[in-house]
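Chain naming follows the written order as A, B, C and D, and within any one chain the residues start at number 1.
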Amino acid sequence: MKQARILVVLLAFALVAAACGSSDDTTTTAAAAATTTTAAASEETTTTEPEAEMEIATDFGVDLENGTITVGLLSDLTGFFSFLVQGVVDGYQAYVDEINANGGINGLMIELEVFDTVYQADNTVLGFNELKDQVVAFGHSVGSPQTLGIREDLEAEGILAIPLTWYSGWTDPTFNSNLIHHGTPYCLEAMNILDFLTQEVGTGLTLALATFPGDYGLDSAAGVDIATEALGIEIVLDMRGQILPGEDMTPIGEAIADSGADIVYVAADPNFTFPGIYQSAIAKGMEAVWTGAYPTYSTGYLTAEFAEEIERDFYGFAYVSPWGGDSVGVKEVRDLMASRRPDLPPFDYYSEGVLEAKILEAGLRRAYDNGDMTRAGVLAAVKSFTELDFDGLAPPESYVGTPNEQVQRSGWMVRFSAEDLAAGGSGTIIVAEDWTGPTAAAYEFNEACYFLGS
Amino acid sequence: MLAVANLEVVYNDVVLVLRGLSLEVRDGQIVALLGANGAGKTTTLRAITGLLDFHAGDITKGTVTLDGERIDKRDPSAIVRAGIAQVLEGRRIFAEMTVDDNLRTGAYTNRSGSKENYDRVMTLFPVLTGRRKDTAGYLSGGEQQMLAIGRALMADPTLLILDEPSLGLAPMLIQQIRDIIVDINQQGTSVLLIEQNAVMALSIADYGYIMETGKIVMDGVSGKLLADEDVQEFYLGLHGEGERKSFRDVKHYKRRKRWLS
Amino acid sequence: MRGRPLLYTSYEDEQALLPTWTKRIAVAVLLGFLVILIPFQLVPGFRFLGEGDWMTLLGLVAIFAIGALGLHILTGLGGQVSLGQAFFMGVGAYTAAALGGPSGKALLGLGLPMWVWLPAAGLVAAFVGVLVAPTAVRVRGIYLAIVTLGLVFVGQWLWINWVSLTGGSQSGRRFPNFEFRLWGEEGDPIVDLTADSVWFGVDVSGEVKTYLFLIVLLIVFAVVAKNIQRTRSGRAFMAIRDRDVAAEVMGVAEARNKALAFAISSFYAGVCGALWGSFIGLLIPESFSLFLSIQFLAILLIGGVGTVTGTLLGATFVTLLPRLVRDFTELLGDTAQGDGLFAGIADIFVSTGLDDFGLISTLPGTSPGFTVFQFNLILYGVLLIVFLVFEPLGLYGIWIRIKNYWRSWPFSY
Amino acid sequence: MTIPRSTLQAEFERTVEEYEHLLEFDDVSLSFAGVTALDEVSFSVDDNELFAMIGPNGAGKTSAFNCLNGVYKPQEGDIRWKGESILGTRPDQIAELGIARTFQNIELFPHMTVLENITLGRHIRTDTPWWNGALWLGAARAEEMANRAFAEDLIDLLEIEQWRAYPVALLPYGIQKRVELGRALAMEPELLLLDEPVAGMNLEETEDMARFILDIREELGISMILVDHDMGLVMDIADRVMVLDFGRVIATGVPTEVQRHPDVIRAYLGAELESE
């Protein structure tokens, strides 16, 4: 017993050390200095006084007396994807603050209740249970298995949740009674990227594939399969599902280098796994196009020791307009962050938070207009949009119709640029805007590309 | 030199073990402390040597003084430096270390005179000379006891406290240990001997204390104790005319000790 | 008055689980709280305990307490330090999923009713425990901890790679619901523990039903654990724990009893895993990680090794700690925002705005400081160390101290 | 199965079988990595005999006990219990044959109470399966009550009533020695091995222990092997004494003979006791 106690004390120290250590990681991707764009008050949102005579039905999360609407966020602030989710939450909060400053939803102020799920399924369930009777909807829910864990509960309670993941299943009606998709799913992203590279680099290409397990990596891999078949690209190394966080990434990087592929397609995470893979591959002298699923790469690399190589090798795809885009929608995001959070550096993921907030805002406004701000009312309102426009922040969304009609196909092809970063940008530059490749455009989307355990 | 006055010790804030114990060891004496198991002998020792803390015990009343100076608030190493060395019950040698290394640890507080002390130990215990490099754990019980005493002597104490040195030893070895204690005493070290073997202890002690339930119930010079009828019956197993009574004749119900009345 | 606890007229009275009226009444009151007053929101000032999310938390306490009782039998009584609890929970959970889960597109699932999958989860885990036991019997102390640590990694590998059973890494699978069916019939189950309904004219929510079910299970498992502890096998386990050679010389077969302790403990872990999976709904293979095992050892150490009461206290404490920390943080945040005497003090601990420094951040990401989760981990580690160093008997030891203090009050000893 | 509450004597009644000696050591040799612990040791113990083993520290007395218990396996020779060899039998099986033991350095279960320690001795005399106890079914309950009654009788016999519910680690040494004796007796042994039962005891406690040993033998008719350094005790109460030195038997006989044996005096007793 005594030895066991010593063991546990050591483990406990390790826990403490891990907790202390992880608090530093969250800011590693934040690069460069804050922009100095002058704050311009957004004048798009119109302020209407609540009409006293109108009857509004409510059940949970909407308090007409105090004038508040409470929305839950099941976020990952400490876990695996915390660095990007933090940016999403910052953007979300800033946009909500802006709405509230301009009179809220017909006078009702939106309040965000953020629950840190630490990217764990069991915590997500606890967070759901804690918040469900306080909120009218979940403004986002991070992680696919996490979100699937609460899917039946969402259905039972009739609550809307916006999954913060780009799994192709969200567009699939078997999964999505209370969930909505947004952005291009992983498998179509893969098709787009490979379409683009075929145009850019040429035909007769070879490809090395390495991904996470789970929906993220395997949905991506499913898209790679479809695209390689259509485009005649040969897969020379298939390590799908084999990137396991916490393990040594060197063998994967070396295998990729040994494969000598022209294109390396990776679906991993930018902080814990990708740098190891990339560095061990370029250490063996590999030169290839590196690309992959969206949150695999980070502009933080532009200040890392392999900055030059990543600038040379990287091609990526974004579902939401990156920071430096020209659309009205993304300009609005830049202005918003400059006025609300001048302390924060430019970062691509604010756009995602603003996009989610805009979907929610539109749903809340429509529910208000319908006179039904119950949870079911908000859900029905969101599910009734046939064309929801974001001024170019993201392609228009539709939540009505067949999966093939609903699914999002276009996005932004991007590269990294140290120059852009130095010039006060986020480090991401756009090489093709609102782009859809031929394979992606032709793909008949009837069901999820990859089935997540159900 | 050592004086314990009205000592009261409580364990875990709950169990009162010593209830106003007083005793004294004078220069050059061998003093025997006798008593049943659980009477508080070992606690007394711990109180003197500062080891109570390790057993969640506290001195709640009374004092311990060495040559007139309070030592009951000092920590164990300071007490050793002040000149009190002890041999714990059950020997507690460092079983994985060699005989020499064991002895060196004993000299920790007194490095200056370690050579003379080492020679002294080797003269007292010739049996250890041949086993200097052997691992202590492989020594026989008697040799381990000698090593434990030797280790205590390395600190060159003015007072040596021995806790049951005869425990578990064969009759012949008990005699040897007894002779060694007398030798050590004659070389000028005072001895406080805590023992179950009253015959052995009183045969060499100058003065004796008998302890029961946390108090001294009787004390006196050895001769006086040896002559006491109760001591004879309860500690020496004698009856009538100085005959040892057989264990076969032990009665179920014994006479009440007079000192309890 | 405490009565006269030592005056009994028969051994049966004294050997009873609850030998004194004081204890009987105390337990009856506690049960009344747990089964009636809390779930039906009848406790003034603590009505919130009966709300959905607290029912969920208390249900989780019950589940973890069952797993901890299993470890109590193996480690607390048997002295075999095991880090394998997460592995056996995984065995139980996936047995339940395979037997009780619906068959998905690529997933094993037989759709059997709960009265099959729940006991089976325990039995299969116990069987695996018996298979592992011979290895475990050969090693002890820290070495056993390392062997069982190996089990956790073997389990992780197996769960991640056996995709048709587990749904695969980062995907996971759904577990069967808490509902009673006879056999394979379609439509609504006889009793659905997750849906709201009306029982005897009283509204009972799904959470309350699940909670009541889990509490009843916990009581059964706790009584069985206590019975094992006070009868022949429990004594044999403790004897081996205290002195194995002496126990053998007394006629206690070491290998057999160690294996038995392993099997019983694994049964508890298996049931715990199945309940957990069903309760959460979806678990991924990564859920059964080393951290889970450590959490169970922590429950034992914080609660107090070797007692059922301590184990229950530990499970409650460890499971509720994150929530309590969060609620307390919110309270501090509110206090710091207001004015008054405590605002300044509270402000030291929490940071409520961009430039406000404090230990814990109430607006994670916006204000500096640890997030509640990080603070929890730290607190957890610190508590473990504090308990191990200062109160090896854990919460149970504190309880005994309080009891002894009042027993001899007003005398100090 | 239920054990009726009755006097200890009735519990210890047993059938008589045909055998020459209860226990026989036949040329037993044991060594550890070249160091000889027992060298061709032979002796026998009969029914209701109190046999003593003495000798210097490290002479092999405890090793002989460990061979007998099955903890060590001798390299040569044979150990027979009621005429049948018990070599290679596991310690717990040997315990079931009826051989109980106390230890030189008390081997009680420190975190268990006196009652639990003594009740553990009943392990081999009880057999309800574990699940019966787990569910507190009738058989287990009856067994527990019978165990309790049995243990209480022993507690009475050993006069340790007041310590009943204490964890043994908290008890004084002398009481622990008694509890250990009680635990061995709870096994209803036919042969009891006592390893230094009075070491570290003062005269008064030694007298108590002597009385218990004699009582047990008289009332329960258990054979015993006694190892101790207290020559007064050994010579007074043993029927026969065997002296070991460096693993060899140097003398066996009645106490008065052994006491006068020159080898014994030289190797063990020393000059003083001889003159007494």
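Going forward, contacts are C-beta pairs under 8 Å (C-beta built on N, C-alpha and C of every residue); 3 or more make two chains touch, one makes a residue touch a chain.
These numbers were taken from a predicted model, which means no experiment stands behind them.
Asker: Can you list every chain that touches subunit A and also touches subunit C?
Answerer: none
Asker: Give me the step distance from subunit B to subunit D, shortest route via touching chains only.
Answerer: Contact-graph shortest path, subunit B to subunit D, evaluates to 1.
Asker: Which two chains have the most C-beta pairs in contact?
Answerer: Counting C-beta pairs in contact per chain pair, the top pair is A-C.
Asker: For subunit A and subunit B, what's the span in angstrom between their mean Cα positions?
Answerer: 76
Asker: Any idea how many Å lie between the Cα centroids of subunit C and subunit D?
Answerer: 44
Asker: Between subunit B and subunit C, tell me the centre distance in angstrom, where each centre is the average of that chain's C-alpha atoms.
Answerer: That gives a centre separation of 51 Å.
Asker: Mind listing the subunit D positions that touch subunit C in their complex?
Answerer: So the residues of subunit D touching subunit C come out as 69, 71, 90-92, 94-96, 100-101, 103, 107-112, 116, 119-121, 123-124, 126, 128, 130, 133-136, 140-141, 143-145, 148-149, 152, 183, 187.
Asker: In the complex of these two chains, what residues of subunit B are touching subunit D?
Answerer: Residues of subunit B touching subunit D: 34-38, 140-142, 164, 167-175, 196, 198, 234-237, 244, 246-248, 250, 252, 254.
Asker: Quick one: which bits of subunit D touch subunit B in the complex? Just the residue numbers, please.
Answerer: 55-58, 104, 172-175, 196, 199-208, 210-211, 214, 229, 231-233, 236-237, 268-273
Asker: Under the stated contact criterion, what part of subunit C meets subunit D in this complex?
Answerer: 11-12, 15, 223-224, 227-228, 230-236, 238-239, 241-243, 245-254, 260, 264, 306
Asker: Spell out the part of subunit C that touches subunit A in their complex, as residue ranges.
Answerer: 51-53, 56-57, 60, 75, 79, 81, 104-107, 141-142, 145, 160, 166-174, 194-195, 206-207, 276, 279-284, 287, 294, 297-298, 301, 305, 323, 354, 363-366, 370-378, 380-382, 384-385, 388, 392
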